[in-house]
Amino acid sequence: MLEITRDDFSIDEIVQKIKTEDIGAIVSFIGIVRGKSNGKNVNKLEFEAYKKMAILQLKNIRAETFRKFNVNQIAIVHRIGSLKVSDNILLIVVGATHRDEAFKACRHVLEQLKKTLPIWKKEFTPEESYWIEGETHGKDA
Amino acid sequence: MLEITRDDFSIDEIVQKIKTEDIGAIVSFIGIVRGKSNGKNVNKLEFEAYKKMAILQLKNIRAETFRKFNVNQIAIVHRIGSLKVSDNILLIVVGATHRDEAFKACRHVLEQLKKTLPIWKKEFTPEESYWIEGETHGKDA
Amino acid sequence: MKILVKFFASCRELCGKTSERFQLQDKATLRDLRSVVMSMHPILENMRDYLLISLNETFVTEQTELKEGDVVAFFPPVSGG
Amino acid sequence: MKILVKFFASCRELCGKTSERFQLQDKATLRDLRSVVMSMHPILENMRDYLLISLNETFVTEQTELKEGDVVAFFPPVSGG
């Protein structure tokens, strides 16, 4: 399950979906809108995606993670559109036989996604709004 | 939230409960009953707890994790009783400002709990049943 | 003094009970209690090397002196999670 | 040949549009297209050093030759997650 969507997600539902008899450990990461960013109050965030490329990138990240780690299931959902403080942004769920691989693979998916997923974040403070631009350039994907 | 219970848990509910404006990253671990253990088919597991001591241990683990890592919230639920294949056993949810601390703290809680939480697992295969005994002795807690 | 001893998991099954009261002399230590329990339940000898013993829900040294009302527990290495 | 160029995030706002069609000579490369786009939208010069360009949803070198129907996208470094 790889999705770029405006809708919120249910972790319980996705966990239920990916369970198989082999899975003994599920590690998940949820990214959430914080009320402050670099000391400034944040009213909302807006996420924009190059959706077709983002889905392709998610497939690449998943395939590469399956090659590197002994895990059984990887689900990723990234929300786009306008999100307010404490809203969910991102969900990564990794199911594996054992816990060590599940932790490592989940972290790996997250780091790759932060470097290469064509999604951009605009922060809205009470005074202004500005695009956040990542430090890395995605070309290592 | 620290619980030793017979009941199943909802990750969505617990994530919702621990959210605050400071939290940008939530890492969770779910332990699940596998259909095989050391090559043998498993029909069910039974978990027994020294409940009073287990709650005390969970408090110790949480307090120690707060001292070691910069995280805001830690919730732990461990189920007891009879659990079948693909049932949830354990949930650890850690909320933090940033992802690195959330991952490390969640893993730390899990490793401490596996060493020191007074809960025991009995495996039931089609042929027999036996207690699983941990390798470490818990005295380092 | 009377000390309540609880048994968990394989210890519970080996002893055939979840708890038992033991009468000890004043100033008896956890080590003394252990000897008494082992002599009542020699089957626990099998797991002597890795048996864990808690006093009032915490791990303490075997030199610790017991007092009336203490709760001691015997159990194998934990395997939750 | 005609090439569709998409703009995202700050590139989209700077150019004031989400996409634009460009007419190029046969055998033109991604680098040639980049020059044409930059001359039409000189405001993109500000982000010249870190601008990312994809061809048909993948990253390729600027020497890559374009062909009719290709879709190119201009955008800043990603910041999702």
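First chain written, first letter: the chains are A, B, C and D, and each begins at residue 1.
Here is the rule we go by: a residue touches a chain if its C-beta (ideal position, glycine included) is under 8 Å from a C-beta of that chain, and two chains touch if they have at least 3 such contacts.
Because the structure is predicted, anything quoted here is derived from the model rather than measured.
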Most remote chain, CA-based centroid, reference being chain B: D
Between chain C and chain A, distance of the C-alpha-averaged centres to the nearest whole Å: 49
Chain B and chain C, separation of their C-alpha mean positions in angstrom: 26
Separation of chain C from chain D, taking each centre as the mean of its C-alpha atoms, in whole Å: 74
Multi-chain contact residues (two or more partners), chain A: 31, 110
Multi-chain contact residues (two or more partners), chain C: none
Chain-to-chain touches, reported pairwise for every pair that qualifies: A-B, A-D, B-C
Contact footprint of chain C on chain B as seen in their complex: 31, 47-50, 52-54, 56, 78, 89-90, 110, 113-122, 131-139, 141
For the chain A and chain B complex, residues of the former touching the latter: 10-12, 15, 19-36, 85-86, 97, 99, 102-103, 106-107, 110
Touch list for chain C against partner chain B, complex: 6, 8-10, 12-13, 50, 52, 54, 57-59, 73, 75-81
